[in-house]
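Chains here go by letter, A, B, C, D and E, matching the order in which they are written, and residues are numbered from 1 within each.
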Amino acid sequence: MEDIINIARELIKRDDIEAIIGYEKGRAPFQTVPFFARTPEDCDKLIMNSLCVNNLVSYINQFSGKVAIFVKPCDAKALVGLLQEHQIEREKLHIIGINCQGALNPKKLRNAIKGRMVKDWSINGDKIKVYYESGEEEFNIKDFLLDKCPACDTRTPPIYDELLGDEIKTADLPELLARVKELEKLPAAEKQQYWNEHFERCLRCYACVKICPLCYCERCFVENASPQWIDKSNNLKSNKAFHLIRAYHLAGRCIDCGECDRACPMDIPLRELNLKMRKSVEEHFNYVPGKDIDVPPPLSTFKKEDPQDFIR
Amino acid sequence: MSSLYVPHKAIIHQVIEESPDTKTFRFKLADEKLHKEFDFKPGQFCEFSVFGEGESTFCISSSPTRKEFLDCSVKKVGKVTETIHKLRKGHTIGFRGPYGNHFPVDELKGKNLIFVGGGIGLAPLRSLIQYVIDKREDYGKITILYGARSVADLCYERDLKKWYKAPDTDLILTVDPGGETPEWAGKIGFVPTILEEINPSKENAKVITCGPPIMIKFTIQALERMGFNPEDIITTLEMKMKCGIGKCGRCNIGHIYVCKHGPVFTYAQIKELPQEF
Amino acid sequence: MANIGVFVCWCGSNIAQTVDVVAVAKAASEFKDVVYSVDYKYMCSSPGQNMMIDAIKQHNLDGVVIASCSPRMHESTFRSAAVLAGFNPYMVEMANLREHCSWVHDNREEATKKAIELVRMIVAKVARNAPLNKIYVPVTKRALVIGGGIAGIQAALDIANGGVEVIMVEKEPSIGGHMSQLDETFPTLDCSQCILTPRMVEVATHKNITLYAYSEVDSVEGFVGNFKVKIKRKAKCVIEELCTGCGLCTQKCPVGKKGEVMNEFEVGMAPRPAIYIPFPQAVPNIPVIDRENCTYFKTGKCGVCAKVCVAKAIDFNQKDEIVEEEVGAIIVATGYDLYPKDSYGEYGYGKFKDVISGLEFERMVSASGPTKGKVLRPSNGKPPKNVVFIKCVGSRDEKHGISYCSKICCMYTAKHAMLLHHKCPGAKAYIFYMDIRATGKGYEEFVKRAMEEEGAVYIRGRVSRIYKRKDHLVVVGADTLTGKPVEVEADLVVLATAIIAKDGADKLAQILKISYDTHNFYNEAHPKLRPVETNTAGIFLAGCCQAPKDIPDSVSQGSAAASKALALFSKKELEREPLISRVNEEFCVGCLACQPVCPYNAIEEKEIRDRKGNLIKKVAHINEGLCMGCGACAVTCRSGCIILEGFTNNQIFEQINTFENLISKFEPTPEETVAKK
Amino acid sequence: MEEKSAKTDWEPRIVGFVCNWCTYAGADLAGTSRLKYPPNVRLIRLPCTGAIDPLFIVKAFQSGADAVLVSGCHPNDCHYTSGNYHARRKLTVFKDLLEFTGLDPKRFWMSWISASEGQKFASFMEEIVTETKKLGPLKGYNN
Amino acid sequence: MELILKKEKLKEFLEQLSKNYEIIAPVKEGELINFKSVKDFTKVVMTYQKSIKSPKEFLFPQCEELYKYKFSGKDVEIKPAEVEKKPKAIVGIHPCDAVAIKILDKLFGWDYKDELYFERRNNTLLISITCNTPDWSCFCTSVEGTPYDADGTDIHFTDTGETYYIEGKSEKGKQILQDNNNLFTEAKKEDKDKVEKIKKEIMEQVPVKFDIKKVTENMDCIFDSKLWDRISVKCIHCGACAYLCPTCHCFDINDEGNYEEGKRIRCWDACMFGHFTKMAGGHNPREDEKTRYRQRIFHKFNYYIKNFDTISCVGCGRCIAECPAGMDLVKTLQLIEKGAEHE
């Protein structure tokens, strides 16, 4: 903690750095929120821990000057994507990479404490300790990890200027695509029902789109009004069209930061769609997003020998 | 049921090409009785629908004193207006209104009126000018200053000719520098400049101005320099609108809803508003 | 909201027989926006066309649907007719009632129903059409020809004779290319130099041709009709205007006498000085100083040439120079290279002096060549008795060489066998071959002659090894016809090495932004229909840079490319269909996802700046001159910032949506059907 | 019994997005060759398969298509050299997504049909219609 | 009129009610609590923390048809939409959400009476319940509300453990209780005391976070404060806050359909979306997150007061709990409370 504050304080003193994008403590128990430090005093508020969930990358272009940014591996993968797609300039970034052992789901934690008033909490190894007004309780971090974390194979950011935290060793990762494979096995009708139920619930609030670091379009296709690409009506028909195209637009680009999933107030399992797209792109074109800045995204290129088994 | 939002059918009677991007649509409510009963005041607006495409807001540019038809002048700028421009005689449209406040026609009685219009901004003024000319004895001297980017962009040619001949009425036309043709006999220069040039008297006068935001801005500055009171400067405001009846929540400037409290405001009122329009 | 006219064609009985055209016209009259609907026997006939024209005027139409045959058949007919009527041709669309309906269905009721739907979908599309105007791109009437081999020469002369200025850029000190190295040519055995030299001279003297020899293309910008080319003129150190071409300097130059510098033209079989003219008939006939080998440049001392030159044409201080030219079309004719010497270890090429390449053999038999036309063994300068020719060296050999066939080796090997027979009477030619591919006019006969009249021995089989036995080379192979191993004791072995792409072909392609295949040969736009065009509009191909070929093919391609260029120049402005893509710059985020999908490199990055010149953002920009309207970019742009004119989403969505309507209109939904029962 | 008669009454609706140069021309050839196929298909002509947006496919299903076909030039034969390769990539992924969300794979077809393959076009239409009939009307897309 | 209903009798009560009403009640969907039209009353969850959406959508649906149109030639046929006729009973609504409906009434009744809304409104019975599980984001007490005072509802429940303590509020509500009096027992003094105690306890769980008077006073001079720049940066301008908010009411009107027929619909819109106020030609008076966030706050805590004499926030905390960017309305209001100078 001291570390990051010191680093930040040093950085902000530099003339060329306009702000430092990081996290501060939120009002709710276990809540951290994005924070933009612009003065040395601001820096004291900065925190960095396993409850820092937001992907901060989307905020970079809010600033005209150079910014320093704390990035977990997820965020860094998003950076790779954005650099690949010409959305940010590398020179305008100072990247402080953070080795990550998995982030925690604040909502799950909040549910676990059943409304008790939390005074403070601390993380020690694989345990999180919560101090109540009276008494304390310990939880296993493992039980509160965000869905994306257990199977994550990138524990060090693929891109950074300086790196913080100990190297993290991971072994025996559970399979990332297990859930996708499970869903794939369902009969078509059940798949349809599963998704229709979810799609029907969608509010079309676009929190999923707006939070996604790779959904940077100035005008999302859903906002395309002449002609209207997707009806504004919130019904299964247009919600489904929205979800199919959203997922497709992220095929080969979604870096599985899970932000859409987290942002969705209606608990729609967007990540399952994204992972299906990831699987598809990897299987067919042997491409995994968020790794290489210099290759074009897979749906902007082709190989003559691409598979075409289903084509007649 | 949902009569608030359900438009009346109206039939296009005539389409007049005013300028390369503006057309006036002359229409009549399909229901004769309704059309006869229909009443409005200069400055009020309506919601004009093309079914399948949507609704758009336009002021009624004809005067309530001439009831046979209603006019809306439409500039082609976006989705709905583009389709409106494809309409021909005989097409059916939807019409809701009238909405909003209006020019203070009673307050203006006995005053000298100075109209300053630019481009399509003459549309709302046209309603009032026609009204005032039709009730000529109620009002004082009329000065109309109208400008457009180029000669081709001047709207309402037929009206301009009539106003030119109207009693105790001055009509000054101007085009932006470079917009003139060899035959152009009017003035050349931006509206605010010409306004200062003709320097109308502020005695017992009210100015009613309407046009593109940038013109309004400089016109008002000019008027202030010329010593007009903010209360005596009347203009209209434009914000995006959907419902036209103060519900859909986008046309507010501060707590003022352009669709309900406006679109007509005095400069004095506008000065009180947050500068967010 | 439009006024649409629908014209239903009977096509004699072709449509009317299966489709109730009257019913179609009647149904169409009830569609939204349709103000006029009629059926007629032959819409494409001139009364039919006039009917359309009259209706356009009479009914004030702004959209026309011709429901007849395939648009691939008559779209242009009706669009041209519309133009005559002063009507925007892009407001005319066709519904295909013949090929896609009446001819493929039997049931009159069903076909009629389908026909009505087809018309309805097109009516909906037309309602969303927008009038479009042809795009005109100005054309600079000058051509650039890169490469002065026979293909380039042919193209340049054709264009120049067509009255258009040509800039020719040749990398070497002289034009002529490989053909100038050949002796006699198959299948007629006429002398290569004799037919080539006059053409070379013509290039040099043609008033419409500017020749930049010893030069290379440095950069190319712009697009069809409007290329800006930078050409690097390498310093010759000889002032062209002063040089008389006397050649004294080349004789006096002390370099090369000991064979330390070999003549490229002679394929390394003869030395050359540092100041040289590659061959006597060179065009331009002006020497160049090879600065790498010149003593003056190496040591700062010498300058013999300068001393002997009476014309005072030597200038050691000359610098490489960049000239800029504007051209409207570019013809690439950069030719080929041969498979490198050292690649065939087992044949001893480079190891045994008496193993030579076909091109070396050409030089040997050439009267002007290093041996003055005598076939001599390089090892001892004596005429050979047995000569083995090995074909497909490198070619058709995916393992060691290249997969393709070099196309000309069969022929020139046969030629070589004959030439050997002529020039070295008594010598015997053995030819190891895999197949004989002699597909040109008179080619088969030519090969036959080599076998039957000129005594060449053809052995079908691959050579596995060559080794030296005393003074001779032993060629070991297998005769695949007899299945027996063969051994030939040879005095000379000539390898028909594969033709490969010119060294640096890929770099040039990148400069030109044209595509090339895995072998670095340039890609034609269409393998059958557009063999001399590239995918980049205004850039054409000729000769071996596209694929191995012989002289007649190279020449015809040169002429073909010239005719393409001349066609381009035939109008003041290039007229292009407006059915191309446009970028909505307001919303483009400059992700450039669209850029790599464009097969024509039509998309570039554009900076948008405010009035003060500050960069606001970068967006994609589509070059009107290059876009062919394939629509790939439009689909790639996630935010829908690219609009493909003529096939806009607005139009396609409406076509699709109409489909929905059709269901409610013409057929109860499945549920309703069930409910009724 | 009821069910069955209802089903025979129902005719599948099929939308085909085809490129102008190959499949549209192939369909033309089927016509000029007077080959017969069921009348259930409506073709929408586009310049190239590369110009087919996945949203078209979704919209087609939502507008009541029971099956959708995308067809264009064979690999290497694209009029614009590479449109079909791009389409192949995009639609490979999109097809996976459609299936993942519960669309029967037999409702989305893609093929390469050249201008000379009138016969292939006709028999392919025949096949699609037969297969779609087996599946019955598409539900869950349209509401 | 105070009654007691045994919890196991709730189902019976709802069944009775469902004879005349469509029952809208909170049910569990995955992890979420959501108001749904229910037929299986065992699914109803009366005691819950916070429903993800407020039940406003049953009066003002997210998307509703205004009318249908159909072309024939140049003429159009218009068919105005009709509202479902069957009365609805919204059961288990928390007091904050109930108050929100009163707030919406004002807007929809402003000069032009929105028939679609009021048709439903007048046909809807509100049965509220004391919210006894407020969470960290709740702040109804700071905006003059309470977790138990359900002004404007017809019947009010309080969960006392084994039973519901029921108050008849409106005449309509009292009548319904009367009609079903076989299900209830009369509340006794100790029941009343127990309820009072519960209410007091809950009040303590929702401490007042700011002085709303001070906030609204300060609003008038804070419009141009730099504060907005600072706090709005985080906002990603999605529609989550507006769509979940029980008092947000902005909507969009659109035509949907195909070439020949279709319908005009209105559907929720959010002032946080960029295109909300973007005008033809590209001008947007509220083009960045700052102006849009400010609009949202001003609309609720200033403009609404000026037009309708009430703030339009009920402190339900949804916008805080669900904001993916961690925007915190309470923090914003606390800053405003401190005044502009504090920045």
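In this text, contacts are C-beta pairs under 8 Å (C-beta built on N, C-alpha and C of every residue); 3 or more make two chains touch, one makes a residue touch a chain.
Model, not experiment: these values are computed from the prediction.
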When contacts are scored as defined above, which chain pair ends up with more C-beta pairs, B-C or A-B? B-C
Of all the other chains, whose mean CA position lies farthest from subunit C? E
Centre to centre, using CA atoms, which chain is the farthest one from subunit D? B
Report the inter-centroid distance (CA atoms only) between subunit D and subunit E in whole Å. 47
If you average the CA atoms of subunit C and of subunit E, how far apart do the two points sit, in angstrom? 69
Which integer distance in Å separates the CA centroid of subunit B from that of subunit D? 53
With chain centres defined as C-alpha means, what is the inter-centre distance between subunit B and subunit E in Å? 40
Residues of subunit C touching 2+ other chains? 586, 597, 636, 649, 653-654, 657, 660
What positions in subunit D touch 2 or more of the other chains? 55, 59, 62-63, 76, 82, 86, 90, 142
For subunit E, which residues are shared contacts with two or more other chains? 71, 252, 254, 257-259
Can you name every pair of chains that touch? A-B, A-C, A-D, A-E, B-C, B-E, C-D, C-E
Residues of subunit A touching subunit D in their complex? 180, 183-184, 188-196, 221, 229, 235-237, 240-241, 243-245, 247-248, 251-252, 273, 276-277, 279-281, 284-285, 298-299, 301-304, 306-308, 310-312
Which residues, counting only subunit D, touch subunit A once they are in their complex? 54-55, 58-59, 62, 75-76, 82, 85-86, 88-90, 92-105, 109-112, 124, 140-143
Touching residues on subunit A, where the partner in the complex is subunit C: 85-87, 216-221, 224, 226-227, 229, 249, 296-297, 299-301
Where on subunit B is subunit C touching in the complex? 50, 83, 86-88, 91
Please give the residue numbers of subunit B that touch subunit A in the complex, ascending. 78-79, 82
